[in-house]
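In the two complexes below, chain A is the common chain; its partner is chain B in one and chain C in the other.
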Partner chain A sequence: MGKLTIGCFASLVGSLNLDFTLKLAGAALDKGHKVDLWVSGNGTMLSIKDQRAFKDYSSLAKPLQELMEKGLNITACEACAEARGYNKDNTMEGVKRHSMDWYLASTFDADRVLHIGGE
Partner chain B sequence: MATTTKLGFIVQRPPYKSENPKLALTHAIASQSVEVYLEDDDIVTCDVAFIGDGILNCIKDQKSQETYDLSSTESHVKMGLLCDLNILVCKEDLDKFGMTESDIVMDAEEFGADVTIQVVPYDAITKMMEEMNHLLFF
Partner chain C sequence: MKLAVFVSDYKMTVDTLERLKPEKMGIILVQNGVYHASVKENGNASSVLDSSADLYALKEDLETRGIDPANVDSKVKVVSFGDVVDLIFNDYEKTAWL
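Presenting the complex of A and B:
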């Protein structure tokens, strides 16, 4: 099985790129692949805990939790998160926070890298 | 055995309209510290190419510090040069905007950088892209 590294820089609300990212990560995990997900820029919004689900907005806390239980390795850019006021205390359990070199290191042994830019 | 993974950062978007170009540069610069996660002698290298509207990131004398109290994309380009990143700018896209090398940042001598920006035809950027293991579009 292979390793897929995905970097997503798009926001949780206002774009469906994070929705697509989690669908893709789920499909890869279901096929037995290892998946690293890096969220940076506005993408760090995905890491916040206590997201409230509304029908009109993307709500990814639950699917993200399910993917982490399946083995998804997700890390948020610490600087991007802190700049937005997303601190360690309001980060969803299981989401790691590191500097940008983590993303580059993840690409090192990845079979494929899919970079999904921000808005 | 030491292994190198080559990443190509392709910047197509203009500065300040979005965060993407600056994030491309900060991520590329992060290659300087990636070894903390890797085995001895394994490395990740990052080449950066500015194409299309992305070349506007390299304009000289940006005033974001005065206007927005924000570090400029220009300073990030210079930091990339200080970190010895291979930074390419598309010649045809410079021509398209009526710009020349004198309009863009070409070096970072004041920071002590040894390398300079290379203004090259798009063919050279295509060749660089073919040599990379992975491409990241910003």
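Presenting the complex of A and C:
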């Protein structure tokens, strides 16, 4: 089994890229791979706790929680989060916050990297 | 190098794809990129399908857009998320996102 690192940049909750990213991460975890996920830019919105799910509106908090229980290692860009007012106190439990060197280090020991750009 | 390129939009990305010259290339159509697999303009299929690369389209994204996977161009293989994971790990060394 290998390690897949996914970097998801500049995507808001409700975006196609974040939805795709979590589904791909889930498929990789189901096949026994290790998955690191880095969210940057507006993608850090995914890390906020107490997201409310509405019918017919994309909500990723619950799927993210389930993936973390399966072993997903997710880290949000700390500077991107702070710039948007997402502080440590309103970060979802289990989501780490680091500077971009975390992503760089993860890509260096990953078997495969998928860098998903902004929308 | 064996390169898998994810095409996520219906805008024409042929110029970019043509500049890529890996030893082996796969084009994985995802999100709105799956329209390349089925939409014809003036009777012509998308020029993305003229590529010599292996072509794939994500089944879930086809179905989300009301496209019957049975009706995509015959050059395109319909794949699941699990298949995409296998392509990433087994068939290609690097990935790119367009």
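To be clear about the criterion, the second predicted complex is superposed on the first by the 114 of 119 C-alpha atoms of A that agree within 3 Å, B and C clash if a C-alpha of one lies under 4 Å from a C-alpha of the other, contacts with A are read in each partner's own complex, and residues count from 1 in each chain.
Just so it is clear, a contact is a pair of C-beta atoms (placed from the backbone, for glycine too) under 8 Å apart; a residue touches a chain by one contact, two chains touch by 3 or more.
The structure presented is a predicted model; accordingly, all values stated were derived computationally and were not measured.
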| item | value |
| --- | --- |
| Fit-or-clash call for chain B and chain C when the two complexes are aligned on chain A | fit |
| Touched partner set for A:Ala27, first chain B, second chain C, both or neither | second |
| C-alpha centroid angle, chain C to chain B via chain A, nearest 10° | 70 |
| Touched partner set for A:Met100, first chain B, second chain C, both or neither | first |
| Chain B versus chain C as contact partner of A:Leu16, first or second or both or neither | second |
| First (chain B), second (chain C), both or neither touched by A:Val113 | both |
| Gap in Å between nearest CA atoms once chain C and chain B share a frame through chain A | 6 |
| Chain B/chain C common contact set on chain A | 112-113, 115, 117 |
| Chain C-touching residues of chain A, taken from the complex the two chains share | 2, 4, 16-17, 20, 23-24, 26-28, 30-31, 33, 111-117 |
| Chain A contact footprint on chain B (complex, rising order) | 3, 5, 7, 18-20, 23, 26-27, 30-34, 36-38, 42, 44, 46, 133-138 |
| Residues of chain A touching chain B in the complex | 7, 9, 40-42, 80, 99-105, 107-110, 112-113, 115, 117-119 |
| Residues of chain C that touch chain A when the two form their complex | 6, 8, 30-32, 60, 80-82, 84-86, 88-89, 93-95, 97 |
